[in-house]
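My structure is below; once you've seen it, I'll send some questions.
Chain nomenclature is as follows: A, B, C, D and E, assigned in order of appearance, with residue numbering initiated at 1 for each chain independently.
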């Protein structure tokens, strides 16, 4: 007997992670409003919620194993490998950043609950985004996530930089959303569809050579909207300002969750929707990649603020990841590997920043690091590992990801891209080593204030550092996972 | 005799979108920039509805609802940000806020 | 044997970790631990040297899967040449640990960095495929960065960054070359097989061979360093602490030449035949140029650094000539320059610790206060000049004799380097050691103490031994030099 | 003729309104311009058979959202002059160029689509009226999930607004 | 007993090592004991080996010690034939005599034992050189004598001049070695072996061009070691070293290595006419320049140094003329009388408390009769006064050149060789003149300085002098026109070599008379000027000879300004050049371009990051610009819009 809900494809396992996060947020809201709650309750409720989400993702795995790739909710929600990996990434980001965003939130007077709700909600939004099969759904998910992030950036209201970050992020983000939804509208207007798979079907129906210009532009605008979120040049302008201004404890989460979900969606677009017409976007992607890598390197060289530097390095990394996504399926698997390792390093770096400078502070000049080695060797070493990982030095995961990616690019004969990417790596060594120099090498008399590092932080950072090294030495498992992701699309 | 086709509406939407974009480029007042964003979202809505009529599908109009809600939500957050900034420095001009740069 | 191969990697790493994990208040433990473990590595290298493995071409002894879906493996192995270099590196690490003064020997980071460097160096010489070679090649940078950065001279920031960027710039070419090779190999083997055994049977077209040769060789040449790409070296040497300089000149420079011999020539022979003339011309320019610039130096370390450029020019000339004798000479010259330059830097370090200056003009007549030091310095200088009967002569002699067949004019010009070498080394010796004791500060200099003498002495013995009985060291490289020259002549005849 | 008139009249009001939004110096005028635009859009929607959407447009946009805007404008004061001088020389020039080119390009894109439509997706003859019934029917079946999910967006917006604008110190002072 | 001749080679090395290891323990006496006995022993063994060898009809013996390298097959091997046998005796014998002298000369020097270490090491190197059976071992010895001479010259290295001189000697020798090295390269690549025997045997199969090239490069080596023009300026400077060492190294042995080597390769050399002419012309040039320069030196040792250069020139002339036996003969005789002269000079210096300026001597004959007598014998010998040693050898050289002229098959060559002969004769005359001046200035001319404190040198010094004096008288008889002793010894060595023979009969007599005449003339002129003070007794005023004589004096004392030329052009030139290269090429161009790239990148970075203004509307403009670019890309590129 099939009810209406079966016809519409209702399945609550598939949106289980979203619902769990939502429920956690609502419980938090409820307990805060009704009774005066001690902070540790909030903490454990949040933690419990995140752990349940992990469990929900496991359930989703089970569903995938039994049903395979399938759509739910009248083709609004899609369960495929991208969605699964995206879910896992987002949940892991939540888990890894929990410590710092919890500490940051608990330091904001009377706004702890709101901050936590915003974070959980944004995660649920991004989860929806990677799950969505429909572009409108994608847009909604993106907006849920982004709006929370705009607010998070401005949560430290006493700080002008934080306000500024929030406003800039909001204005530019909204503009990007406008462009994205306009792209969706153009695709709809030219193909009368608005879905990931539908696009692919429509294109194969009319033939790749007959795809109307309008839908091409529409797709481009969608991609631009997503590229904005990952801060690829020339849509990178917001990233350094926002990273710099936002409360340090949140930046790790903000940067990694947006990047993870946007790239997963881009990968799916590239593998599914653009499957037949990917070569038409060749020039566009090449331009974006080269611009990202060059501008990122150029701007980063001149930075004295560490958060801005990481932002620009993110621009370069976006170029790298995008380069794999834009050409063929093997490249996508390489890019996802890259993405996963990069996110680990990114979170690690920002966790360390927030420990050193305090959760709420916005500015983080490189000179803040001076004397770090004297004060805390653990942080210095792990920080160096993360930076070297981002730089792509062998024995770290950064090298493996670069190697796989470049190998794929080379086999697609993208020689120019390879050259540009490698040149930026050289430049990268200049500005990635600069903070290490200040932190570990330079002899200085002025020591930074005493750093108190909690055991949980220590555990978290060492886990991330270990992962960075481990994936550099034995990357087999993760490579297999990323390869499994794309196997159906070969 | 000229016939009003879907293209006309689409062109109108494109012009509206461009004007919104133009406003984003020249104005410094955050409030007005919001309004420009509203203009652009409305251009999108116009496109959706024109397409909806063209294809005889209702989905385009449904999409407009979602865009509407998103626009409303954005306005709420945006205005909240402006209020928050205004409390701090009594100005809503975006150009004052260029401490982080370079 | 596989166990030893693995322990060559793991023992230095373990010892580095051990040193790092000792609390700071047990300062006296750092150096002994380092010495004991590098002694272990040294013994192991000796063991390999006396086994059959060292006298043949490269053989892979250990392989394990790295990335399964791409069919990537990590291969480890050895050959005669790499065993010699391993031995040299263990010896130099051991001696440099012994030679360093108190301010370094009680620093955990310093000892640890050196041991980490040892790990990476060993990795380079036992890696059996392009990937692991590249990994270790790059991994060398990390300990060097800290060694130079933390314990370097006044201008260390500039020098360190220059060193790193230069090397990284070179290594991206190696990286791209590796990727290219892997992709070609994928087309044949359906996996990214880049181990040396597969590569030696991999058939590649002439144009690919040329491109790949250029890519790899360019990267390695920066490390050598060859003439117009050399400017990182003097800066790096001047700023690096003594132990860093010893290892940099003694082993790290050899990595480039090793890479060319191990990768560029055997696998991309056609490219080698195409471009060897350019390399040869640049090496000869380097020989003369390095020597000429060395004459004008006022800093002893810089002088030795430029002399290294000149000496490594001989190595590159020998390699690019591609004759059996010249390649053999090049390998031997690599070892010999490692010994001699290491010893020279160690000696400069000794006097730097006493006087805290390396400026030639602030010395003069030091022989009077430090006769033993002066004698050893003179001895080492003569080894560096290439006096027959000492090690420096053997390699240069073989290179010149061998290269003459290919490049008559160039080799004759290169031979003039021996005259220039005598000029700069002896002139420096004259200014530092002879004449009256003019500077007050030099009057209270202490001669070498026991520790310092012990740490320089093995090198002195080696200089003499290799110089008098080169056939012993030769026996470890004959096979490889023979194979290389055979490959080259085979390609030359088919061309 | 009537068709043309019913297109061009609201269309020109719409563009004038939009230009007022962009160019007016006084925020209240801008807001009024926006209202003009929104209302004329609603009229266009009606001509496009989207009656329910037109109603919602009037209520939500022109009503609620604009009220919000005006409220904030009043709150932060209308008497402040905007700094209009440019920090980059020739910016206005550049921006006008960008504007014109962008507009023509987007227009071209829109017009260019006709070819493919007629070939693959010709305009339909029948009329789909955007009545509440039809919209509700679709919204609560195939679009039920996004419709429910959009509530999260509203919660997020609320939470964000509270977090950003709600000042506990002021509340404490009042209390 | 074949290996016997190896012992004298390594005995000095062992002594050197032994003394070096015990230098802190042994006092002077013990050191002297060891070194003298070792020298005597090695001479005795050499003598014994030579006698055995002579009894075996001078059949060469070869011994291979061990393999130096496997590929190419190079061994450390030694050979004993006539040539090396003579040199073996010469080196070990002289080394003993000179060490005997040194024990007294170096008395109470604080580095006494070091001196003997270096000395023994030098003897070892020299023996390595002469006993070698292949080019490599010869090169070993070749370079090691350079090293030991460096050590001995800069023995008193706290004296800047000594250090400088040692340096100069080594570097100039290295220039020669550079030629030697290139010669070796060509040899190895032509013959595939270094073995003398094989190389010489197969040299007939090789084109003359190759032979000439090899010879010329080896000749460069010989020029360096034997201080021939233009590489001679190190030898006068080398006089900064201890005098006995100079006697051994810079008179008797090391400097003759070039001559030795050329004789060694004579089977090859004879095939190249070009090389012969080059050798003879440079030899003659050297002989003349050095003789000319010696005329106006006032340093007691420098005169001898220039004289040595000049005499070496004679030997080169002999080789160029194909008279290899004559060259070796002159080498041997010269070794004795020049050692005698040097030791004599050493004795004088010792007695004069290290005063070397001849102008502060004069009239020492009465104070130091033995020394004066022995040095007189040396002077006569070098001047070619019969029947002393120098006469026989020098006469043979002159006669050979003359004979060579007769043998030439073209008139031009004939005339050229006659000219060479005449000039050589002139050089011989100059030799007699400056040597006479030398002796007269030291022992005869009264400078009005009181030398009452000067005493005869100790016996340890005079005994060697007497010994050498006896040799200087009689050694010439080993190879006279009546008894070709040396020729027989060298017969096996020069088996396939066409040696220029002396003219027969009356021609020889006339030549001998001419040569004797030259010697006497030179001595007489010297006596007239420095003994008889002729120029003071007759009035030369009306001839206005002052300025030409002063010019000649000036040129002579400044060695034709060749040293100054060399200093300006090569030493300072090299320094300036390298400084310019280091600063301009290395610093500004190469490193500058590297730094320029990085600073350009930095500047670009600074400029471009100015676009990140922090203003939202600017960011939106970037957005818009890129959107325009994108859309026009899609509209206008054929790639996208079909």
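Keep in mind that, in the parts below, a residue touches a chain if its C-beta (ideal position, glycine included) is under 8 Å from a C-beta of that chain, and two chains touch if they have at least 3 such contacts.
If you're wondering where the values come from, they're calculated on a predicted model, not measured in any experiment.
S.K.: Compute the centre of every chain as the mean of its C-alpha atoms, then state which one is farthest from the centre of chain A.
M.R.: E
S.K.: When you take the mean of every protein CA atom shown, which chain's own CA mean is nearest to it?
M.R.: The chain sitting closest to the overall C-alpha centre is C.
S.K.: Report back the single chain whose CA centre is most distant from the CA centre of chain B.
M.R.: E
S.K.: Where the centres are mean C-alpha positions, what is the separation of chain A from chain B, in Å?
M.R.: 26
S.K.: For chain A and chain E, let me know how many angstrom lie between their CA-based centres, rounded off.
M.R.: Chain centroid spacing, chain A to chain E, equals 79 Å.
S.K.: Distance-wise, how many Å sit between the C-alpha centres of chain A and chain D, to the nearest whole number?
M.R.: 30
S.K.: Provide the C-alpha centroid distance between chain A and chain C, rounded to the nearest whole angstrom.
M.R.: Chain centres of chain A and chain C, defined by C-alpha means, are spaced 43 Å apart.
S.K.: Mind pulling the residue numbers of chain C that touch at least two other chains?
M.R.: Those would be 165.
S.K.: Would you mind listing the residues of chain B that make contact with two or more other chains?
M.R.: Within chain B, residues 10, 17, 20-21, 24-28, 33-34, 50, 54-55, 57, 59, 62, 66, 70, 73-74, 77, 80-82, 84, 87, 94-95, 97-102 contact more than one other chain.
S.K.: Quick check: what residues of chain A touch more than one other chain, meaning two or more?
M.R.: 136, 140, 143, 147, 150-151, 154, 157, 166-168, 171, 175, 186, 189, 192, 213, 217, 240-241, 302-303
S.K.: Just spell out which pairs of chains touch, all of them.
M.R.: So the chains that touch one another pair up as A-B, A-C, A-D, A-E, B-D, B-E, C-E, D-E.
S.K.: Which residues of chain C touch chain A in the complex?
M.R.: Its residues touching chain A are 65-70, 131, 134-139, 141-142, 145-146, 149-150, 157, 160-161, 164-165, 168-169, 172, 175-176, 179-180, 182-183, 186, 192.
S.K.: Quick check on the complex: what are the chain E residues that touch chain D?
M.R.: Per the touch definition, chain E meets chain D at residues 613, 615, 617-618, 621, 624-625, 627-628, 631-632, 635.
S.K.: Show which residues of chain E lie in contact with chain C when the two form their complex.
M.R.: 66-72, 139-140, 142-144, 147, 150, 154, 157-160, 162-164, 167, 170-171, 174-175, 177-178, 181-182, 184-186, 188-189, 574-575, 577-579, 581-583, 585-586, 590-591, 594, 598
S.K.: Which of the residues in chain A end up touching chain C in this complex?
M.R.: 388, 393-395, 399-400, 403-404, 406-407, 410-411, 418-419, 422-423, 425-426, 429-430, 433, 436-437, 440-443, 474-476, 479-480, 483
S.K.: Applying the document's contact rule, which stretches of chain D touch chain A when the two form their complex?
M.R.: 109-110, 112-113, 115-117, 119-121, 141-146, 149-150, 152-153, 155-157, 159-160, 162-164, 168
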